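My structure is below; once you've seen it, I'll send some questions.
Residue numbering begins at 1 within each chain, and the chains themselves are lettered A, B and C in the order written.
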Amino acid sequence: MFYLIIDLLGLVAFAISGVLAALHKRLDIFGVFIIAFVTAVGGGTIRDILIGINPVTWLQNNVYMYTIIITVILALIFREKLKYLRTSLFLFDTIGIGLYTLIGVEKGVAADLSAVMCIALGTITACFGGVIRDILCNDIPVIFHKEIYATACVAGGGVYFLLKLLPIPEDAVFILSIIIVITIRLLAVKFKLALPSIYKN
Amino acid sequence: MFYLIIDLLGLVAFAISGVLAALHKRLDIFGVFIIAFVTAVGGGTIRDILIGINPVTWLQNNVYMYTIIITVILALIFREKLKYLRTSLFLFDTIGIGLYTLIGVEKGVAADLSAVMCIALGTITACFGGVIRDILCNDIPVIFHKEIYATACVAGGGVYFLLKLLPIPEDAVFILSIIIVITIRLLAVKFKLALPSIYKN
Amino acid sequence: MFYLIIDLLGLVAFAISGVLAALHKRLDIFGVFIIAFVTAVGGGTIRDILIGINPVTWLQNNVYMYTIIITVILALIFREKLKYLRTSLFLFDTIGIGLYTLIGVEKGVAADLSAVMCIALGTITACFGGVIRDILCNDIPVIFHKEIYATACVAGGGVYFLLKLLPIPEDAVFILSIIIVITIRLLAVKFKLALPSIYKN
């Protein structure tokens, strides 16, 4: 129940980031909804397809679809007010990527994949919704050239497997790893850290 | 047999819309063929992958590939004449999205998914070939900002589940729902209806 | 073992082509890595998903991930020197598409698909990593409008099924078909052959 609430908060934050991107491109209502939808569930969908979980998660439970529909409607009605929510949205988004990363990691573990692949799946779960959003909006994905985002996911996934070696309860490992992702992301934004752009001379 | 013919007419219309988009971008023959192919089968492929139908439909029956190859060859030979076929192509396309929507809905029903998810799958089947076409051509997908297109699919899918509650034969439900999609689409184009674009001030 | 080495050489060449594309777009290290990764494994991943092989190949063996990580690190360190390797890289790439095509064809055969579909899968395996690379970099895929690339794959796949009709050992058929792909590609580049671009007047 607790996880579901955080999961849905992350979903809401991701969906709103999709709404904002779609508004910026002046899409119609349907376009706004689709962009919100793929931003929110895209990462998990790619993960499910790569592992072979089918039907994919969002097809199996209407709560994702309904949450996104309601989020989009409210976001459109109160779109003038969204700027005042910037901090809350950033927090939801950050909690969302933390949770999504570890959900992805654990799905990889459940599919008996190696630690490296589980970390990759966690990162994909957290980041690739945004990648699809940017491709549909005809932009180069923002995570490829701005801020520490995926790096936080990779670090959180790595910590998960390190902590698992210690005599710590499973739930604590899960939550501590999420906190690592969130902390790195918050520090990166606070101190404007970004990976260096390396370009050819 | 009757359905297969309509299915192939839809495939032809979708493939030609791909050819026209690719010609506009001055691609080579191979590029034209690929764009035509993904436009025609892309929506159904995404649906199959999401549900977990594999190998995907077009891999299981050569008729799709051959139909598209012949369509592309003829479309290229007679490309100067395509403008005179505009009305026929629009009709095929409209019949195609009607049929594709309901095929997608019924595949969802066959996979025991909820009504909402079946409608989503129907809409994906009808619309996402065009979305992939536009992404490959480096455009923002046209259905996100022009005309009633996906909305007609959603409405047709909704009507399907309403009609199913009534004592009507299955075939009639299927065909009536297709007619709903086609009618909404035709009215939208005739009266130049479009969803409002909502942009942030 | 012999095949694995060629497979990894192809992987390295594809990954470096991804690095070069990403550097050109001034992405950060993570962006460079992702582009390199999808360029190298994207074609095989789409093939696996279409056929229904899951988890997809690269999830099942860490060697792909490690090879790409090492390639990206070395490519970034020696990025000034990459231009001197142009010929070697072109050769690896060409050998890579030859091998990837035939690996794809044989996966289709193993899944009991028709010859036409096996050839399509071989072409997808060899070419679609580059297509995803270009989409992520917000370019129209280069194989749609430049040089004989996919055509070489299709020809190699066709020759494979022709040779299979003759009393030739399986391994010889496999290698001869790869040589066909490589030869056509080399001749096309040497004589600057390209498919005609057909555009609407």
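Criterion: a residue touches a chain if its C-beta (ideal position, glycine included) is under 8 Å from a C-beta of that chain, and two chains touch if they have at least 3 such contacts.
Treat the numbers as computed from the prediction; the structure is a model and nothing was measured.
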Count the residue numbers both subunit B and subunit C use at their shared interface, divide by all numbers used there, and answer same if that is over half, different if under half. different
Fitting on CA atoms only, what is the rotation between the copies subunit A and subunit B? Please report it in degrees, nearest 5. 120
Distance between the centres, which are taken as Cα means, of subunit C and subunit B, whole angstrom: 30
Of all the residues in subunit C, which ones touch at least 2 other chains? 49, 52, 135, 138
Mind listing the subunit B positions that touch subunit C in their complex? 20, 22-32, 34-35, 45, 49, 52, 54-56, 59-60, 62, 65-66, 76, 79-80, 135-138
Using the touch definition from the top, list the residues of subunit C that touch subunit B in their complex. 49-52, 111, 113-114, 116-117, 120-121, 131, 135, 138-141, 143-146, 149-151, 194-201
